[in-house]
Amino acid sequence: MDKIVNLSVEVAGVPFKNPLIAASGTFGFGEEYNELYDVGCLGGISSKGLTLHPKDGNDGIRVWETASGMMNSVGLQNPGVEAFVESGIAGMRRFGNVLIANMGGHSMEDYTTGASLLSDADIDMLELNISCPNVKSGGMAFGIKAEVAREVVSEVRKVCRKPLIVKLSPNAENIVEMALACEAAGADALSLVNTFQAMAIDLHKRKPVFNNVYAGLSGAAIKPIALRMVHSVCKQVHIPVIGIGGIYTAEDVLEFVMAGAAAVQIGTVNFNNPLAGRDILDALVELCQREGIADINEVRGIC
Amino acid sequence: MKYIESKILANQRITDDIFVLKVAYKEDDVNAGQFFMLKSWDSELTLMRPISVFKAEEDALWFMYRTVGQGTRKMAELKRGGRIRLLGPCGNGYPCGEIKGRVAVVGGGVGIPPLCHTSKLLHEQGTTVDAYLGYRDEPFALEDFEPWCTDIFVSTEHGEEGYRGFVTDLLHPEQYDVVITCGPEVMMRKVAAMCAEKDVTCYCSLEHRMACGIGACLGCSIRTKNGMKRVCKDGPVFQSTDLMW
Amino acid sequence: MDKIVNLSVEVAGVPFKNPLIAASGTFGFGEEYNELYDVGCLGGISSKGLTLHPKDGNDGIRVWETASGMMNSVGLQNPGVEAFVESGIAGMRRFGNVLIANMGGHSMEDYTTGASLLSDADIDMLELNISCPNVKSGGMAFGIKAEVAREVVSEVRKVCRKPLIVKLSPNAENIVEMALACEAAGADALSLVNTFQAMAIDLHKRKPVFNNVYAGLSGAAIKPIALRMVHSVCKQVHIPVIGIGGIYTAEDVLEFVMAGAAAVQIGTVNFNNPLAGRDILDALVELCQREGIADINEVRGIC
Amino acid sequence: MKYIESKILANQRITDDIFVLKVAYKEDDVNAGQFFMLKSWDSELTLMRPISVFKAEEDALWFMYRTVGQGTRKMAELKRGGRIRLLGPCGNGYPCGEIKGRVAVVGGGVGIPPLCHTSKLLHEQGTTVDAYLGYRDEPFALEDFEPWCTDIFVSTEHGEEGYRGFVTDLLHPEQYDVVITCGPEVMMRKVAAMCAEKDVTCYCSLEHRMACGIGACLGCSIRTKNGMKRVCKDGPVFQSTDLMW
């Protein structure tokens, strides 16, 4: 008989039935993938990145395939916090798993107003994206220098009445300093990494592929760097860390957990395999059985 | 919409760089203009590739594709008996049910294949369809249009077959109630402009790079007169008057 | 008739017959690959990374495959500057292309003594590696903070009587500031990027693959990030930049040149295709013909 | 040493996870214990894979490999008539010419195949060879050793065939002038220790992860009593007394 494996984890006091979370921006509000499988089987879903006001996002090409990865320049297209609260949350709620609202911003006011509105809403956690590299002004800046991040996290902390995850950019000057600054500023958890600032050129047109010139790289290509960043952050902070970056398989999940992650998010892999969430979850149970892991929490941080 | 693995019944080269793929498929109906996300790899390539339905039979789907890059070249290597993964049917498709009267389908290059399935569905609901098909050099799929179309007009760039020049030169939108077009953007713009001039309803099927193919990632959004729209979910078919070319 | 394409370029006054340089550490001193093809066809060769004193390098696993890339933890195994001068240079000279001595170091003295010794030797250029992430102490530190790099480059500049290339680490806190600091300190050219600090875990052994825990990521996976870094540095400095990072094809070469690179280095691709140098060169000529580029210098920096 | 593309003459599964690959090869001689870097992909995988020569004929080379990961699984998909790229012959190999008298070859798992080619070359130079072959469960390649070996001793872990236990239990190094071993490190260490005790010359063929395979990258260096050595170029064969296990 197959041994029972405990996959349930806790992040900042919030219980997850398993450590798999759909990554922001790759899963919409869950609705589309729910047509393919019951997305309620996931530990949680992080919503498409919200901003205080609705945004149209970027013009031109928005996605581009690269070696074992992809670049995107969606530019935070979203209906705005208010519309999300009014009509988005209800849909996500019905999946029965942890509901994380991911929010980006262009100014301190956007961040605090948005966080305050979301704190009154029926969400389980707020994930503060201080890292989206796609918006020309703002966005990026918050996630590069630790002092700047500390400020925005402190301000958001004051108004935020939900467990607060801060999502870090791998473009940060020093990821460990950044993590420590966010922890000191009151983050309940960290998630990392967001996409790497990267570039693609269309040889024939002799110009950059993206209107914004640079765009964010994600997918398997970045996994080794993401794993290193998660590992080095986990060694230094005392709050839970959600590992993100090129997680495609159950093996990847376990590696991130061994590096110290409390949970993980899966993004790009959803495009490669629209059933990835369910498939990785099934594979994770089998993998733990094969590796003699009765409780995934046993192996956290052993590397 | 489903994500399934399916058996390859045939995969044949029909011109220098055009292939026809036939796969086993026993699912629900496929609307005119819908497409599937295909992949014949694991994670060597990150994204699936959008390909329109060329023909739909009771137990099989046909796709027709041009090898242009890594993904389509990998697809070209597939052999009968092999397997491929399909996500779909995706997109809204043409509103055939609402279309009455005479219809012209105007296609260019690999915009032609989806018009075949469309012509068939229109024909089956009793609509009269003429096809205007523009090729670079060697025509393909002509015989597939024949059963469903009253007239077929062909053009090639250098006159290898049919009219020499652009297929839009042959079109007189005023002869039709609805014009449906799929192909290179320049061609569709021209068709749309011609239709606008004569006040004829025109539907365009857009191409855009896609990641998820199902509306979740906003990687294929375009600006329209009704706001941002996802080509994969709200499209790929749009009424030309909604577009902001 | 095929049109003639000019591929010759100049870097810091040194003429290269074409922009393809074998990257340090992936090509030894050229000898082994020369058994497979005439490596003299390349524009130049950057030697295995030298240190003042001989080094054994790291124990344990040294190379590991990742999605579209690889990690290495060679740890600068090399015979030392003296042995190189005495018996390594002669072998490289016979190829008839530009001879670049790549040198790393653990301390300021190592760098200056080494640079001074190499300045007396028959090399064409010195490539100062301030970025190797594999050596536990030193090495890394020089390439992270711009102020530290400025110091070491200034000191080396004083004793270096060869054109000086400074090789930058992508792990630098701010790649543009780093580049500007090195330029200000007297670098004649820059080369970037070295490998990205990354991590691999052996799931079954439940421990890191590499004895040093972290190791350097290279290959196609990093190309989009490397291209972005080269582009952003080229926009700011006035010295030539040699582009490095996941260059596998003639298309990649041209993209880096369009991003502003004066020349490029190819590393990991040599392992994927041991004839890569020759094959990419042949393909580059054809590609330029197809794209109507008569002189590769025409398209430099047009993106 | 050359880098060539070659035609696949056969690729067959012989046990659950062991395959034999035969490729066309008309180049120079291959020494005992040499290997090739193989690849049957473009850049989907970054590195080529080192595989030892199992048998060398006038027009063909044979490899025997176990599917353990991505690369070997891709190789397992190869079909007769397909193509594969080979870099080699790589490494130093066993110094057969210097070997006199009675020789034991001691192999375990996929360390066994290279000993077949070695046995043949030794046999051809008039050396008497006994083979000690240790398998996990199902033996393979036994018939390939028969022409070249006087005695063949077989072990399996659970006694499926031959002796139940480790093949080293069967070996008496003092009966030989030279012992040659290839297989899991624990086995080779044991063999080396047994030989050291009886003062018998012992050669070991090491495995190490490789990138270039030709001595350029120092990715496969190991510490020996004579300094750092590249397994791919200075090895893979080392005299056991040089090793620092």
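In this document, chain identifiers A, B, C and D correspond to the written order of the chains, with residue numbering beginning at 1 in each.
In this text, contacts are C-beta pairs under 8 Å (C-beta built on N, C-alpha and C of every residue); 3 or more make two chains touch, one makes a residue touch a chain.
In this text the structure is predicted, and so the values were computed from the model without any measurement.
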| Labels of chains that are neighbours to subunit B and to subunit D | none
| remark: Chain centres from averaged Cα atoms put subunit A and subunit C apart, in whole Å, by 34
| query | CA centre of subunit A versus CA centre of subunit D: separation in Å? | reply | 47
| request: Provide the C-alpha centroid distance between subunit A and subunit B, rounded to the nearest whole angstrom. | output: 35
| request: Hunt down the residues of subunit B that sit against at least two other chains at once, touch-wise. | output: 43
| Counting only residues that touch at least 2 other chains, which ones in subunit C make the list? | 66-69, 219-220
| query | When you draw the chains as points and link the ones that touch, which shape shows up: line, ring, star, complete, or other? | reply | line
| Taking all chains into account, which pairs touch? | A-B, A-C, C-D
| remark: So, in the complex, the side of subunit C touching subunit D is made of residues 25-28, 31-33, 35-36, 48, 56-57, 59, 61-66, 68-70, 72, 74, 77, 219-220, 248, 268-275
| Of all residues in subunit C, those that touch subunit A in their complex | 66-69, 71, 173-174, 196-201, 203-204, 206-208, 213-214, 217, 219-225, 227-228, 231, 246, 251, 254-255, 258-259, 291, 299, 302-303
| note | Within the complex, subunit A is touched by subunit B residues 1-3, 37, 39, 43, 45-48, 87, 209-221, 223, 227-228, 233
